[in-house]
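Remarks on the structure that follows.
All chains are identified by letter, namely A, B and C, in their written order; residue positions are counted from 1 within each chain.
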C-alpha cells in the first residue's frame, strides 16, 4: 500500500478540474458543520447549497453535479424521508453522492435504521471514522457521540471488506486515512492533530469528496479529497496558534492549494 | 447613475445611528449563514435573534426594530407558516423587513410558491443576486443552487422595473451592487472577489439591510448597507491570505468602520 | 464575596480534569451558536455531539458525561418534546446537565412555557443573562430578543434567591459574572467587551459549564467554566483587531489555557 499525497499527478489534475468546473454540490448536513463545509467547498472552487427546503431534496439531488448526505442532517430539520428521497433521486439521475453516517452505531437504533435505509440507496462513496465503519460492517464500533474511540489503522482490512460488500468506495479518516474500492486500498498520511479539535472537519471532508466526485470517478475523488485535506491541514498547522486560528488557516490553505 | 460609497454623508450618519440605537433585528434565516449574519449584525452595533421558536415569529416580528426573512430559513426548521406569519406580523406592526429569496427560481416550484407568498406580504426591501431578481421578475434566471449564473450588471433595468412593480426597494448584489426604489437607482462599487467565496456574505447583507432599515427609510437603508459591505470587503481583502482569513477580517472591518 | 480567577487551584485542577477525561457532552442547542459551542468544547478537551436526531435525546442524554439544553434549540429542529425527553433522561440517569433559557421572558409565552417545563426536570446548573434570570425568578427582565437590558450586578441577590428556591446552581453572566448555589456566591471578573459582540459566547459558556459538570460538582463546575471563559476573553482581547479576530483568538486561548 503506497502512501499518496497532493504531489500525485491525478490528485492535482482533479483539484484543478474542480476549480475550473465549479461543480454545484447539494448537501443535506447538520448545523454544526454546515458553515465550515460550505466554506471548504467554496475554497476549492465548488458551489454549495445545503438543506431540505420544500422540493429541494428531489430537485437539487437530481440537478446537482454531486451530493453529500451527512446523517446528522437529521438533527437539522431534514427528515428521514428527505434523506431517502434525495438519495433515491441522486441515484436515479446518476448524480454521484457521498454518505457520511455520523455517529452510526453510537447507541440510537432509530437513527441507525435511517442510515441503513440511506446506505441501501447506493452512495458512490461512504466516508466515516473508524467507529462508524465498524458499525456499518455490523460490529460494535464503541463510538461515543460523534467521535471515534478507535484508530483508522485498526480497521484497514474492514474498509476493503466493506467496500467489496457494498460495491462502493469506503474511506476512513484518522491519523492516516484509508480509501478502498475493494480492490485497491490507498493510505493518505499527513493532516494535523488540530483537525479533530475543530468541529466539522470530518463532515466537510464528506462534502469535499462530493465536489471531487463531480469531476472524476468515486475512487480517485475520495483519494484526491483526502490528499487535499491532509496537505491543507499540514500547511495550516504551521501558522496556527491554536484550534481557532487553525480552522481559519485551514480554509486559507484549501483556497490557496 | 452616480457611484456611491461609505464616504457619502448619509451613509456615515446611518452607520452611526445603528451603532447608537443598537436595533433589535429578528431574523428567520438558514443554519449555513446564521453565524456570520449574527456576527455581522453585532459588529455594526445591532442585536440579532434568529429562528422560529414557539411564538417567536409573531411576537418578535412585531416587537423587533427590524426583521429579515431569508428564504432558506425553510431548510432550518422554519415552516412556510412561520415565514408568512412573521411577514404579516411585521407588516401589521410597521416593522421594516427585508426579504432575501435565496435560490428562488432554481428549480423547486414548491419552494418558489412560499417565496411568492412571503413577497405578497410586502417587504420593505428585496435583496438577492441576479438570478433571483430575474426569477422574481418572472424570467428564467438560470440559478444553480444558491448561486447566480448572471452578473448584476445584466439586470440593472430589471431592478428598477421590479421595484416599481412591487412598490418596494430592490437590491441586487454582484461585482457592482445596484439598489433601486423604482425612481432612483444607485450603483455601489467595491467589495472583494473573496466575498462570493465565503458562505453567507449575501445572506448576512440582507440582515445588515434590516439593521439599517431600523434607523432610516428602506432606500437609504439598503444603500448604506451595501456601501458599508463594499468598504468592509475592500478593507478585508488587503489583509487576507485566503477566503478563511478574509471572513475574519471582514467582520473586523465591519466592527471598526 | 471574593473574586475568583483561573489562578484558583480548584479551577486549574478541574480544567486539567476535563482535558484528561475528555467528557462527551451532548447538547440541544441552536444553529447560530452551535459551531462556536462545539469548537469551545473541543478546545478545552471535551467531545460534543449536538442536536435531536431520532433517538438521540433519550439515548445520548442518558449516555453522555454531561448535557446542555439551550432553549433556542427550539429554533433549530428540536421540539419541546425533545427538550423535556432529554431533560428527564439526563436526570434519571444522573447525567449532570445545564439549562440556558435563552430569551425567556422576552415576549413569547409559548416559548416560556417550554422553558418552565424543562426547568422543572431539575437541571444541575441554570445559566443566563440578567434579563433571563429576572424572568425565571418571576419578574419582568425587559429582555430584547436574546440580549439582556440589565447588568449582572443588578441581580446578584436574585441569583442566590433563585438558586435556593430551585435547589440548583444559578450563574449570571455580564461585565462580572456571579455564580451561586444559594449558600455561597462567587464573583468572576474579567472577560472582554468583545464577548457580547460575538454571537454564541453566552450559549457556548453553557456548554462549557456542562463539560466541567462532568468532572466535578455543579457549583465548582460553573465557577471553573466562568473563570476559564473570563481568562480566555482577557487574553484574546490583547491580540484582537475587532470582533472577528477576537472570536478566533478566544478559541485559541481556550485551547492553550
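Criterion: a contact is a pair of C-beta atoms (placed from the backbone, for glycine too) under 8 Å apart; a residue touches a chain by one contact, two chains touch by 3 or more.
Molecules present, by chain and UniProt name: A, B, C = Hydroxyethylthiazole kinase.
Small disclaimer: the values here were computed from a predicted structure and weren't measured.
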Chain contact graph, described as a line, ring, star, complete graph or other shape: complete
Cα-superposition angle relating the copies chain B and chain A, to nearest 5°: 120
Homomeric contact chain A-chain C: same or different residue positions, threshold half: different
Cα-centroid distance, chain A relative to chain C, in whole angstrom: 31
Contacts with two or more other chains, residues of chain A listed in rising order: 31, 34-35, 76-77, 247-248
Residues of chain A touching chain C in the complex: 30-36, 71-72, 74-77, 80, 103, 106-111, 114, 144-147, 196-200, 241-245, 247-248
Contact footprint of chain B on chain A as seen in their complex: 24, 26, 31, 34-35, 38-39, 42-43, 47-56, 59-60, 63-64, 76-77, 247-256
